[in-house]
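Chain nomenclature is as follows: A, B, C and D, assigned in order of appearance, with residue numbering initiated at 1 for each chain independently.
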Amino acid sequence: MTQGKKPTTLSELLRDAPRNWGRWGPDDEVGALNFLTPEVILAAVGSVRQGKVFTLQVKMANPEGDPLWPGRVPAQRMNVLDKGHWLAGKGPAFPGGIEYADDFLACYLQGSTQYDALGHTWYDDELWNGYDARTTIGGLAKASVLPLAERGIVGRGILLDVARWRGKECLERGETFTHQDLLACARQQGSEIRPRDVLVVRTGWIGSFYRRSREEFFKDFLEPGLTYSPELVRWFQEMEIPNLVTDTMANEVTFDPETGIAIPLHAALMRNLGVTLTEIAWLDDLAADCAADRQYDFLYAAAPLKVVGGTGAPVNPLAIK
Amino acid sequence: MTQGKKPTTLSELLRDAPRNWGRWGPDDEVGALNFLTPEVILAAVGSVRQGKVFTLQVKMANPEGDPLWPGRVPAQRMNVLDKGHWLAGKGPAFPGGIEYADDFLACYLQGSTQYDALGHTWYDDELWNGYDARTTIGGLAKASVLPLAERGIVGRGILLDVARWRGKECLERGETFTHQDLLACARQQGSEIRPRDVLVVRTGWIGSFYRRSREEFFKDFLEPGLTYSPELVRWFQEMEIPNLVTDTMANEVTFDPETGIAIPLHAALMRNLGVTLTEIAWLDDLAADCAADRQYDFLYAAAPLKVVGGTGAPVNPLAIK
Amino acid sequence: MTQGKKPTTLSELLRDAPRNWGRWGPDDEVGALNFLTPEVILAAVGSVRQGKVFTLQVKMANPEGDPLWPGRVPAQRMNVLDKGHWLAGKGPAFPGGIEYADDFLACYLQGSTQYDALGHTWYDDELWNGYDARTTIGGLAKASVLPLAERGIVGRGILLDVARWRGKECLERGETFTHQDLLACARQQGSEIRPRDVLVVRTGWIGSFYRRSREEFFKDFLEPGLTYSPELVRWFQEMEIPNLVTDTMANEVTFDPETGIAIPLHAALMRNLGVTLTEIAWLDDLAADCAADRQYDFLYAAAPLKVVGGTGAPVNPLAIK
Amino acid sequence: MTQGKKPTTLSELLRDAPRNWGRWGPDDEVGALNFLTPEVILAAVGSVRQGKVFTLQVKMANPEGDPLWPGRVPAQRMNVLDKGHWLAGKGPAFPGGIEYADDFLACYLQGSTQYDALGHTWYDDELWNGYDARTTIGGLAKASVLPLAERGIVGRGILLDVARWRGKECLERGETFTHQDLLACARQQGSEIRPRDVLVVRTGWIGSFYRRSREEFFKDFLEPGLTYSPELVRWFQEMEIPNLVTDTMANEVTFDPETGIAIPLHAALMRNLGVTLTEIAWLDDLAADCAADRQYDFLYAAAPLKVVGGTGAPVNPLAIK
């Protein structure tokens, strides 16, 4: 890839890239989450030193707006019962007089902070672990979000506050960074990235959604994010990173600056290595706290909804310091 | 209540019952979750001794069926994009050839394992902390599920396997138990209920949904569960229980056997004391493990979705042993 | 088909059956609706002799229940705004003081009285007019309900009240009838089936849904209806029937009694001849009126919703006598 | 109203305005549709002189966009079954080999061409016919769209092509017109507005949605439309107009230019007189045809969906010339 013609397909780009297919057996659907062994979990608990809790989901069905990939519509939450029914003489009469409210939600499963299923993206007709891409039809029969949700994700999390490290409230449109930047950021933070850490990478991008006008946020829509390189992929593989969490919608810049190829890290990390991706995370409160107390590691505990066949599912991850 | 006429309303039944309104200020919306202080959380971490993880949500949009309170409809999950689109020449063409699947969900917010908002039920026109019941109209402006979701619930959990204690796969239709039974069950398990524990109470009921025909499960629908008594309410208050989790839809028998009043514990515990309720939990796997290794306590970590104004929200709680 | 082995596939059953593919050009998506020419419409207007109007849709989001093919869920209608909002101080304040109510619907497109798109069912990988069945993926690119909806259906309708003719409130579970029965029924009614008539066939089945318990209606679910025969198909072809409307969910008995093949009329009439099918119609009021005034013909005017790519769409047909 | 202070409320503005409450009995829910008697319908049939049919709904779930009042989201149509399922080995196997496609819709009931229920808007706590506004809570118990849908709307329609009359492709943002303009437009068209006609008024506005960018269409959103005057209201009353159909979202300019009061015609015509309103109609094809053949009258036949409790319902009206 470094000499001669630039690759134009993911096949070419990732011809020699590492894969974990088969590493955890032919039926594996959780990929690099296998790195989160009981030993890793027991060690991660050591990061709980203050008893502080942060929740990392953005609000859903927010009157201020939901940050969404263009084409999706915001979650619609609607009451089907509330006090109004009793004011109008329409509420059910229960013995003793209890009253209640009930509601309904219609949403895109990737329309909030969410875990991608390992089968959410693919190329060359094969998903994670070699499953046939036709298994995605009408619902993911393989590598859906369900096995991730049934396992849960518990490990040592580390915040890498790239925005703060670069002295910005929010990275610029299309601004990129690499794993070397993650390492430099960690060094400046005084924190150590350990093997099998859940990487929680902050760009400030999602936070900016709530401060900017819709027009400004979506104009020439291009997110900041990690960029592909063979070295980055090898680093994720060597570090046995189970999960990458970011405050962007795609977890990477949409188009590789070198080749123009779309979302190559979804291919190289998720489809090939089985690294789970968590997107649209709310990191600003956690980041402010970490900047104040200088503790950037925590017990990361997350469990997306157990949606059968889901391409992903909303999640409200916990960071426990 | 013990002499003279039986109470017919929650007002009468709970005239002298304890309340925590105002205890955490006039603006509180999380109630007994305030008991989960940093100290409690730090202590709870001590329950992680093996590095095992269990997830406590039932599956959603399950082709086998979703266990639902009569009147609600099961979650509908639908693909809006999958490999079929590319087989038909309809998929978007991205540089490099990445393909993906995307989907949509329509569901009742109380139609899976879920946290009730503290404002989900009320009587006498007032919710938890005295908020006007009209604040529920069109979405909960006060004591919605959002503050619970923003705080997260992290503490020491303890499984009380009432079904196993009674030597049953599943409690009977309408079978009741009391806090004294919970204490007896804990003693037999060799486990100690500590103040501020998250109580995870298993009846086997939801598990039976998947083994029984729909007709059998819903025939003369009446769940097993805890029953109201003034002593039980005082015990919850004295023990400062923040959260009650069960594998039933209502967390209590539907009608108080003594007075016929509907769901009095929602009134006495949730509305008056601010105890959060988690319903329709999947406890069978956790219970089997606890029966095997005799460790009934764990770090309980849960975070329902941050649905603005929600009467509740789905959740996939983690039990980390 | 009458000698030798019974056919086991639609291919075999319909090997020699007539087709209208190409009859209206390679791009046709409305099939036998082409028979409804301006001349036919002008003639049909002659059936309006009293100025009476009947509407033929069943209610949607009906608290009494929606009659649905097993597996679908009933339409959910939910208010997003109503007077309750103003009682709670939450309604928007418009100059002058206007207030309003607004609502949302989630439903199966085939979950009420509905037009099937011509591409709704197929066999041997081809739809009406020979379109590739892959065009159905993710939405019907060909022969969707949209062209039917854009054209509208206006012609002479004739009610054939098979239930009344057989002296029954409702046909039995699985009870069949043929085109000869339709002709006999018309004769007894004193009405004439003319070429290009919209046939409105009443079995009483949907009406029984509202009188029976759910258990009774769905027990061993098997609808009454027309049965396949080569002669019936030829008769539809010779009569140039544009549209068959019934008060059942499938417009025919589910399984051909002779071969066991499922819904062969969808194949023979809809896929091969381009006859449009309208299902789950509400015919009891119209039928009672026709029995009383002996006018069984009317101007039939229907227009399903213009849902892009829809496999069908709800409709509220008009019968104007 | 013409001297002294300008009215600031609908109560003041419409103090002396006519009302039809009680005119058709205390239980009436269809208002001015009562004017569409059998005699009117029989006469209207005379407008069918060519056998041409036009359908007046805009497309729903249109990839090009749905024209929606700000705040609503476009209809989402999703396949739950299609040929992809069989390509992936997931389709159900029916005897004989029939295959089919099925889909689901989530939409605002006022999110396409639609009939407003008579109870859709109100002021002073009372709806059409004096019904208490609390009856709207959780679904319209009175004057919902259901009675309109059960009755159907059949009468003589007349197109008033205000845009063409003013020599414009589309009226300007906020451009107004009066009933005198409608009369002048009719005169120029050579067509006569008769008592009890369904008025179909074209501004070109909805058509422009499909030609303009979203930004342009919604910038300083202000529709063209009819404006309130006491004379206009009296004219509607004297002409006994049953139904006003337009190609705008609100059927009138949003704010009365004289008083600033929002949508006074919804109050004066719909709430007080019981005139039904049909909005977001697709009139461009009909208008082009009328301009060509000079026949501006037609049989108007429409029936919104029978949505129980609906504030409105989508409709695909027919114009039969």
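Brief remarks on what is shown
FYI, contacts are C-beta pairs under 8 Å (C-beta built on N, C-alpha and C of every residue); 3 or more make two chains touch, one makes a residue touch a chain.
Everything numeric here is computed off the predicted structure, so don't read it as measured data.
If you lay the C-alpha trace of chain A over that of chain B, the rotation comes to 180 degrees, to the nearest 5. Between the CA-based centres of chain A and chain B the separation comes to 26 Å, rounded to the whole angstrom. Annotation: 45 Å between the Cα-based centres of chain B and chain C.
Taken residue by residue, chain C touches two or more other chains at 76, 79-80, 82-85, 87-88, 104, 106, 134-135, 137-138, whereas all remaining positions touch fewer. Viewed as a contact network, the protein chains are fully connected, with every chain touching every other. Those residues of chain B that touch chain D in the shared complex are 76, 78-80, 82-85, 87-88, 104, 106. Chain contact summary for the complex, chain B toward chain A: residues 8-11, 13, 37-42, 45, 48-55, 57-63, 75, 77, 79-80, 82-84, 86-87, 94-110, 112, 119-125, 133-140, 146, 149-152, 154, 255-256, 259-264, 266-267, 299, 301, 303-312, 314-318, 320.
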